[in-house]
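Following: one structure in structure tokens, then a few remarks.
We just call them A, B, C and D in the order they show up, numbering each chain from 1.
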Amino acid sequence: MTLDVQGMLKAIDAIGETLEMHKDYLTELDSAIGDADHGINMNRGFHKVREKLSAGTYVDLGAVLKDVGMTLMSSVGGAAGPLYGTFFMRMSMKLAGLQAADTSSLAEAMEEGLKGIVALGKAQLEDKTMVDALTPAVEALKKASGNGAALAAALESAVAAARAGMEATTPLVARKGRASYLGERSAGHQDPGATSTYLILSTLLTSLKERV
Amino acid sequence: MKKLLNKIDDVVVESLAGLAASHPTLVRLHPSVKAVLRADAPRVKVAVISGGGSGHEPLHGGYVGYGMLDAACPGEVFTSPTPDQMYEAAKAVEGGKGVLFIVKNYTGDVMNFQMAADMLAGEGVNVAQVVIDDDVAVQDSLYTAGRRGVGGTVLAEKIVGAKAEAGGSLEEVKALCEKVNSRVRSMGMALTPCTVPAAGKPTFSLAEDEMEIGIGIHGEPGRERMKLKPAGQIVEMMAKAIVDDLPFKPGDEVLAFVNGMGGTPQMELFLVFNDLAAYLRDRGLVIARSLVGNYITSLEMQGFSITLLKLDEELKVLWDAPVETAGLRWGR
Amino acid sequence: MKKLLNKIDDVVVESLAGLAASHPTLVRLHPSVKAVLRADAPRVKVAVISGGGSGHEPLHGGYVGYGMLDAACPGEVFTSPTPDQMYEAAKAVEGGKGVLFIVKNYTGDVMNFQMAADMLAGEGVNVAQVVIDDDVAVQDSLYTAGRRGVGGTVLAEKIVGAKAEAGGSLEEVKALCEKVNSRVRSMGMALTPCTVPAAGKPTFSLAEDEMEIGIGIHGEPGRERMKLKPAGQIVEMMAKAIVDDLPFKPGDEVLAFVNGMGGTPQMELFLVFNDLAAYLRDRGLVIARSLVGNYITSLEMQGFSITLLKLDEELKVLWDAPVETAGLRWGR
Amino acid sequence: MTLDVQGMLKAIDAIGETLEMHKDYLTELDSAIGDADHGINMNRGFHKVREKLSAGTYVDLGAVLKDVGMTLMSSVGGAAGPLYGTFFMRMSMKLAGLQAADTSSLAEAMEEGLKGIVALGKAQLEDKTMVDALTPAVEALKKASGNGAALAAALESAVAAARAGMEATTPLVARKGRASYLGERSAGHQDPGATSTYLILSTLLTSLKERV
């Protein structure tokens, strides 16, 4: 099984739905250690993305993800906007011209996306950011790809890794983003961006499995 | 949540429309992106542009006009604006002498302005950026996002705007902005939190006898929560952190700025200024200029911030230069 | 009660001290009574003096300075000042051309100013008084204390102050003040009450989904309590009452003034102005001048008032004339 | 029994104490239909009066009441300041030179004080003001004086009349002062000024009786 253009469009739509459903939850997480807008920002952005994608016709994955990235960039704002915007744009470059992605090309694309996030935000592991969820997910994906795993199984392991990474942000003291202003007081709260990353990946998986 | 609004999603655009409607000779709105432009732009001068999340009014839209900003790019409430806003605003007001972005130091703002700068540079526009980071409440270390940009931003926009109005080059204007940033320090506190309209509930909660010291301007909690104290003690705690940080020394002339967070009565701000004046007098500092009022706010939050800027002749002259904006006006 | 203060009994004097400390070239305090005096008074001009309870800052102390008031007499919070204050202030700033008292129409204010006027007249000082009563929320009948003086007071002080600065005689200045009062109408509303420091609890209470229409500026409840509505509907309700009352007619040029009650974010005030501009446009009225901000407040109350002044050439010229006070400044 | 200078000083002191004790109560009444300051204003004023009187030596009732009136005038503010200030000043003129007042001279003085209040505030009966408590009290005093009643008994009837007048303000719709802005909504609340008038008179009586 691969992820084709229709599958990607469906997945992005499902991600928008998930973020809408979890808008208040993400905002609540952000109100504990940030400024109470992460869910609102992500929902606004993916709302625009769904509008954009439903108005277009796509034949290649790169074009889909480029529109996702550009739209997020110009509608999310905050820290998450440029970070997720870059993530999807970088992925789109790797997947340009492809009509479907297998485990290995998805792993490569996501790794490229993660690099973009790190280049822009300069967060390291354990800084209590989305990087803490995304890094282990990409590693799991790469490992599964090396083992020749099928896409669903590979994503399954990536989602599990993202969830563990997300949960592991709770005890951390933030060193990047708004939460870092709280110093020690940021410990004991799960990072909103890591949580949205987990939600995005897990919805990608669910959407993919539904199509099977 | 009790607010004066029509549709939650429209608060920013309706508020911008009101700013423009009340100051039609001063500003106009960009036709396609959320940006407040000086009515008579572009002009042959360095275009000074700032922006950031909304909810801090009059910052930044209220500072567009003669002698201050050429454009302001407001994001959603407490959310950084997006690169296309700064890009379009710069295109609309740039008059050939280049563009200075004045950016408050928040991860989101810095990244979004950086992307806009990259886009403009790619088209051959001369862009410089200065990041304001005057908040002493935040430890400035490798392990944080760095100090936040707060009250010092207002002073920087006024002073730098005067220099640009007077014909300063991009290099001069940028250097001046860095100079202001290097000589300004701030700290804030809150008695009550505020409510982002789209969130519908307060960003944090405080008991009836508690205050939060070291808050930022985005409804984010501060560095320490403690029992409410008399104004004089609060002022002393905050002013000491500021004065020790630069440090300001006996004999220094300062601009003393007491800023309301939006919901604090002016009566209390003047009372706070009185305590600040006493503290500075005791430390041998001279208040050569002052500013008291709601200039960089957090929606309806109750609380205040103190900003001190170490003055010299150049800064005094530029501070006194005429300015005509919705939020700050003298000399014309 | 959460307030920035040191001793409850000292809030007014400490706040006045802060006003003076932040504007030393503009104002000074009277040595023996609570009064804010223009730093360069007495001068050979009609002395324009106002006053009233504190808690409405920047009114009135913030309007002392060039082109506006010569002195302001603040009472305790929401309590009229006493005759000795107005008497001493007049003695200190009067420069031989007489004194105009601008009095907001409240029983206490009217009586206390009257007593001061009697005392001064007894000493041969030429004193005139104008009572401002612009609040359309109050039925003007024999069966009430008459309409209250609210937002129109700020406009009257600015315009009348300009005339006095320009050398107008006491008769002229008084007649002008009456003219302004006859052409100005206001109405206010509150989302939340406020707390008088000495009382320690809110002056009234409102449910989370209620607002109070027709409130005054003293934390007194208004004429009707109702469910919170969208800003546009609230504005329409209030603006209609104002426009119908004078009445303002299509083609009339107006000064549109949206005033915050102290705790309302500027973002919301601009949003309200946007709705007001739309309403006035629909009625054919022309906004020739505008003012948006916290100018006559009720401590930390959230809410706003609308004031409309019917302009003519004389009023426009006097409105535009230079003014330099802590609360209102342009042209110098 | 008459009211002599010492008795008057003691009574004024007791009135100050009463108003201090009832500060919150009066303010609460004023918050229902006014601006929540009447108790604060009266307490501030009588606090100053007690300071002033304790610093002076007095041999005539007029001088005592003049100082009371002047001090209230310059320290109470609001509507009540000039009204009570005038009340005591007008009384002082009637009692000038007297070392003690009997029923008849007290009645005359109070009537004169009431006239001052009415001349200044232009309130009529049933406008829901202090006049509603003071008018029946003065009438009762005059009637008792006409009947040759002793001072304590006369004051007893005046206090009863003031209390009835005060209570009768509750159903009234206010037509003077701040409460008038409320229109019909002012009904159902007792007038703060009528209440302070009752408290002043009843404390005068108690103080007088204690001296006997």
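Assume a residue touches a chain if its C-beta (ideal position, glycine included) is under 8 Å from a C-beta of that chain, and two chains touch if they have at least 3 such contacts.
All values derive from a computational prediction rather than experimental measurement.
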Minimum number of chain-to-chain touching steps separating chain B from chain D: 2
Chain whose mean Cα position lies farthest from chain C: A
Distance between the centres, which are taken as Cα means, of chain C and chain A, whole angstrom: 55
Rounded Å distance between chain A and chain D, as computed from the means of their C-alpha atoms: 75
Centre-of-Cα separation between chain B and chain A, whole angstrom: 32
Residues of chain A engaged with two or more neighbouring chains: none
Residue numbers of chain C (touch at least two other chains): 77
Category of the chain touch graph - line, ring, star, complete, other: line
Interfacial residue positions of chain B with respect to chain A in the complex: 53, 75-84, 106-108, 111-112, 115, 137-139, 143-145, 148, 196, 198-199, 201, 203-204, 216, 218-223
Residues of chain B touching chain C in the complex: 2-7, 11-12, 14-19, 21-23, 54-55, 57-58, 62, 77, 191-192, 208, 211, 228, 230-232, 234, 256, 258, 262-275, 277, 287, 290-292, 294, 297, 299-300, 302, 304, 324, 326, 329-332
Residue ranges of chain D touching chain C (in the complex, touch as defined): 27, 31, 33-37, 40-41, 44, 73-83, 120-121, 175-178, 180-183, 185
